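Note that the chains take the letters A, B, C and D in the order they are written out, and that residue 1 is the start of every chain.
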């Protein structure tokens, strides 16, 4: 679901990851385009606005890079023919979501560019916070920009550093010194595949293997999709380089402090992914358990708001002993391209997306688990649907703390005044959404979701940014 | 999911409903196209190949019927502009699935036709078994046919009967005398909306109301989608006629024996629908309970194959006390239009659609509930996926009896020799799919799914056809 | 050019032929779809709104007819793949133009239908004047209609007659007894190709041959396009039947009076076609010569309005001795799908289509030849363009008499009050269009265009209809 | 016609111009997108592969540039909606043809880029010969390239020069010092419109005016299309800058030697255009006259191969007194997107495009004028068509000298060995094409086409390149 054709506030009242990346190197010289295609399918939830693939044939003449990109979902942009044309045994892929202003063809990735040493293809997940400064510096030495994405700035830096140093991987490392913010990168030169993760490790990136093939992907579920075995995560600050000799790692850019995005576990990532050695599914079960401990309530059923609330609901049920149930039926045909008719009808677009199983909830006291509340409109409607279907009580439990601060590191959590929690107490929010009680996950217990690890970013809940954010919100300005 | 772009046997190894119908009459003269659009969205699972809407303005000149039809999903065929053009306060809609041979533009519905008394629009769910004879009789009196669907035969009969009688609803009744087989019809004349259901009641049809608006729909969940309240089901053999004076019922065509399709409850219908006063969700819970009673096994977890196996898994859990769990993550982006790349890769198309939550199943003895086994290939792969993810045992339970006979009444259950149960014992099937044990729902207990009612058709399991089927399988022949 | 996306009155100020037909029978069993495709390309000027092809394999099982139809030009509707799928050694094709109301998918041709004796495909050029009566009669015996074209009525009659008689060609003849109006038909049964022309011969139809292949086509230029040799015209009232034994002719339906459309020669047909043994090009040269005799004027140059005015201009030049010149450049990229921007600009859409060669006309006295004047707006603009470019005098000569009456026989010449000549004298028209003088071809001399033959229809100029036209203009009504 | 979907050698046997440019500045603040749209229509013959428009609103915030580009013809890429979105009173447009390798979305123009001083949009007609060197130099200072067109190199140079100088127009001039080759540029900064032409003036560029609006265009016929009056040509080496104060000219880059492409007059440009004060139509008339003087022959008719041969044929007729005639009918529906069916048929694709008027040529001795012979295949077929239609003699006259050398300055005249004249004498060519005689325009008399002016480039005929061409053919290499 994205914001291109919003049904209404129900559907647009969501937080989005901004990208997913995938890279692959087949040592046997076999084409990899279809594997990238499958991998991007598995990462589609990280970006539904545009996608692209670039490949290179390591046995061909230097620079024989082919690419295909477009606006839309993976299965809209690619055809069997376009995949067939993408000959090459090494490649990178990208799925992208973006805020409205920059939703255009120019901004699709992977960026494919020629520079002094040949061709480079770059796929980027994350967000720089010093993109404006870097862009200005580059412009003052004669750079021209044909997109409005910060990834182009990264590409420029790498190209410039390459002039001073002997290899692409060195150039990437040197560029990383100048980059500030979130970036998980997959980069292809005609003969090499490089993966890099910013020192804070905001966004995930992992390594897999299938026979004579190495794979890099934002999430481990994308490895499953290509039958690759999970090897390990790329560590924060690590640069891995895969060439015909194998895989090489450089961790010289690592730093003590890491700040992995905790919301990847709560909502963004697929439950069947494992990020930095932690199962996303288990972290959600744990969130539900903690909610049951901290916000217990007497009720008949625990239900999750599909799909992300289900695991936490299961966890709440485990901990509380209250029966888990399925209360909602989701219409999977109402997709990204759902078009709202001009003739309006009360609430239909919510109903068409989600319906309540009346027989399940009628006469029952319900604990409803959701992953977050942004503006509150969706929660209010879903609570109302449950009550209309005969639920006698609806107790809402949220598997994350309240959103209070914008995110500058690769998601679109908005500025405070668009967030219901910014101006309302929990009691007020409870009233707005019409619930009988409301409980959030406590900030104090977030680390339990990832096994007690403290190296995570919770700035959207606490305002404690791992890197000083820019004074003014530059996220929109960058586009200009 | 349909068979137009099959991923592979996993996805095509499914049984399909052949159609869904929707009708609406707004007494306040307001446009109904967007309501039909929402209604068809809710019925999309009943047919993903083509769809259409026809409307009439009861205040306009007689015969001002407008229609729009096309190949594809509801959100592919309709745009805000095409809906805007469909002015009219009375209308019918249709979604269609078909076997490959007849998948073309000519066969889309609603059929819109002119005859001696003006315009008629007809939407049909079901299958006639005497279509060939009727067609031949009509041809011998000079009829020409421009489609290969039996619905055109129904339209002809109504047009001919209308010559002899005083109203469309009488003509429908008189035509019903000649029709043999399954049909739930929604018919629009310029000033009337008519619903009719064959005397056996093979396919469902229900009536709803929203303020000054009457609605007819294949399933009650489509009423929810337009905020209409469920009034009652159209009874087998009943004809309802809605005009400016209200709703009128004629049950003179009813007969003692009814034969509602039991597989609607097990698989076809949405769980949030209520068909002939029975909740589909509850009937699935019951199927799970019966399986737990008849095929108990010691295990750690009960899991459902999404989406249709989940409710039965819940029922098995309730009855057995064994923990219910979610073992699979479904990729909702792999839709109808998923294109399989020409370059092949082992099993990826299954993996891309369904992934296992390894942390859930690892080291566990699993009871896996699915709704049916057609050829066995899908079951075999899913069992293997669970074992590869670490499940120590996989016990398969099927919430229906084995398929043994073809269906002639509106679904595509194939002839016996394409069905694994036709030539294999349960033990053999168990071996083929690699399960540790296998249990089917017993035919004897099917009636418990619908509260003990005996008026259902179980011919695909038993061969006891409510109407004598044609000597040779005419389903394909008709198309020629 | 058609009326779907009219640029403005310049482009829509044209008269349209309503259809072109093509048929082919290859005795060697080779596929004919690509030949039909080429043939329809050559007939594209007779209809740009929709087109279609139906083929049959005479060696296959009876009734294996395949067809492909769609809205748009031949090169928009067909792809190499769709042609590839059309296996068959016998086939018919159709191009269609229509008035706005009936411009939809249902009305595309060839009509493909099943009836008591199998499959029939029918392509029709012309217009019946008793379609409404026939339709009503058919409806009263239970016929249903799924299109709004009179060709469906013809199909019905043939199907009904076939019940009483022993062959399709007999059924066609019997149906012809009941049909009144204009029709050139190409009909395909699974093993036969039939051509028929109404007794008046309003619309052309000819026979060609290439090796072991017979071809039927609206114009002889379509024979050239498939390298076939012109054999002869199908005569008015003749039915030809081609089967595996060869070609058979039946002229029993012929009648003394024929009424070939004279405007085919003046404007509709291609100049490289030969209709009923008369070269279209020569008839236009003759029209120019007559204009030079009857409306001489002292001038420097004779120019034609492209493309149809050029030949007549050449003829005027031959007769008068005045220099022929090219004064206009036509932009061939402004096609059927030209989209007029919403932001307006004075007259640009004329300019974009036609520009004047200033160096040619500057300071010159010009005789400008065009084929007709409908509303006068186009002529006015072109005269103005010439004067703005420096022409000192512009004398307009029209190679047809003034339009005064509507056509009921297959073109869209409108009713009188939309025709400038209906309410204006020649002097008044001359003033409206800003010409220095204006001369029309005289009705008396029309027969000279076709070698003195008197068997033509000039009803749009004279009101002398060969068949009594319906009392009210039924052309639009039929659509309802 | 371009080479994307070649019908066969007939259609691909053509020489192509590589681009057309258009710019406009409306001082009244009115939107200009629709005017650019009309202008590009008039220039469509200069490039049919892709097109684009970029506009800026001078009253808006700096940098509010909007653009829309795409693959295809002007009427395929733009819709009323996309034009509506292009708000702005200043804008540039581009149509492009390219050789196959670089036919992709990235290479569409105008290039829109951000640099240190804001936004720049650039449209380029021509070809640099030092693009490779410049690109390498830029790469060695850290430039990255996202397209494979030399226009990106120009954009880079301007951006770099802008760092050192005070205005865009100065930067353009400074960049011109480094550029070698052919370029007519239209450049838009947010508040200025700039036109520039290389010092040799290879490609045309002119200035027009309509009320308070200035227009720049490749050809004067594009001024006609927007009702603008021709003011003057941009001179070779001139830079014009239009801002809110009016139009300013800088001719400091001019040099004594100019080298306007003579083939623009013979073939590329529209006959209704006037380039550098010479009417294209008149220059073609003159070419025909010279051919009549230098290659006289006794014959009955002079005919032109449409469309470009017609004017020269007229000139031949004037000079020789032999009757001019139209011998060919061109099918205007066989456009850029003509798809050749896989099933082949002898010669049909020529026939479908061009047919002979048999009545005109039968028994006649014909002089056939064409603009050029590339490989000879087309000429051979057309001569054969004339003879098959009954011409007793066919004398071919070519209104240009034989092609012998490749063009490096903005057209696709190929290398010598693909040119029939490279390895054959005139007598041999005459034999190959089956003509009774053959005569080319003499190189000596080329200057008469443009009034005796010697400042033209005839390198494709003579090998006398105005600038030393690169040692190896870099035209394809650049793409890599």
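In this section, a residue touches a chain if its C-beta (ideal position, glycine included) is under 8 Å from a C-beta of that chain, and two chains touch if they have at least 3 such contacts.
As the structure is a prediction and not an experimental result, all values here were calculated from the model.
Common partners of chain C and chain D, by the touch rule above, are absent. Chain A and chain B touch with mostly matching residues; of the residue numbers seen at this interface, over half occur in both copies.
Computed centre separation for the pair chain B/chain D is 60 angstrom, with centres defined by C-alpha atoms.
With each centre defined as the average position of its C-alpha atoms, the distance from chain A to chain B rounds to 36 Å.
The distance from the centre of chain B to the centre of chain C, each centre being the mean of the chain's C-alpha atoms, comes to 48 Å.
The multi-chain contact residues of chain A, meaning those touching 2 or more other chains, do not exist; every residue touches at most one other chain. Within the complex formed with chain C, the residues of chain B that make contact are 63, 105, 111-116, 120, 136, 139-146, 148, 155-156, 159-160, 163, 480. Residues of chain B touching chain A in their complex: 31, 33-35, 37-38, 41-42, 44-45, 48, 73-76, 78-80, 83-84, 221, 224-227, 270-272, 279, 281-282, 310-311, 314, 324-326, 329, 331-335, 337-348, 351-352, 355-360.
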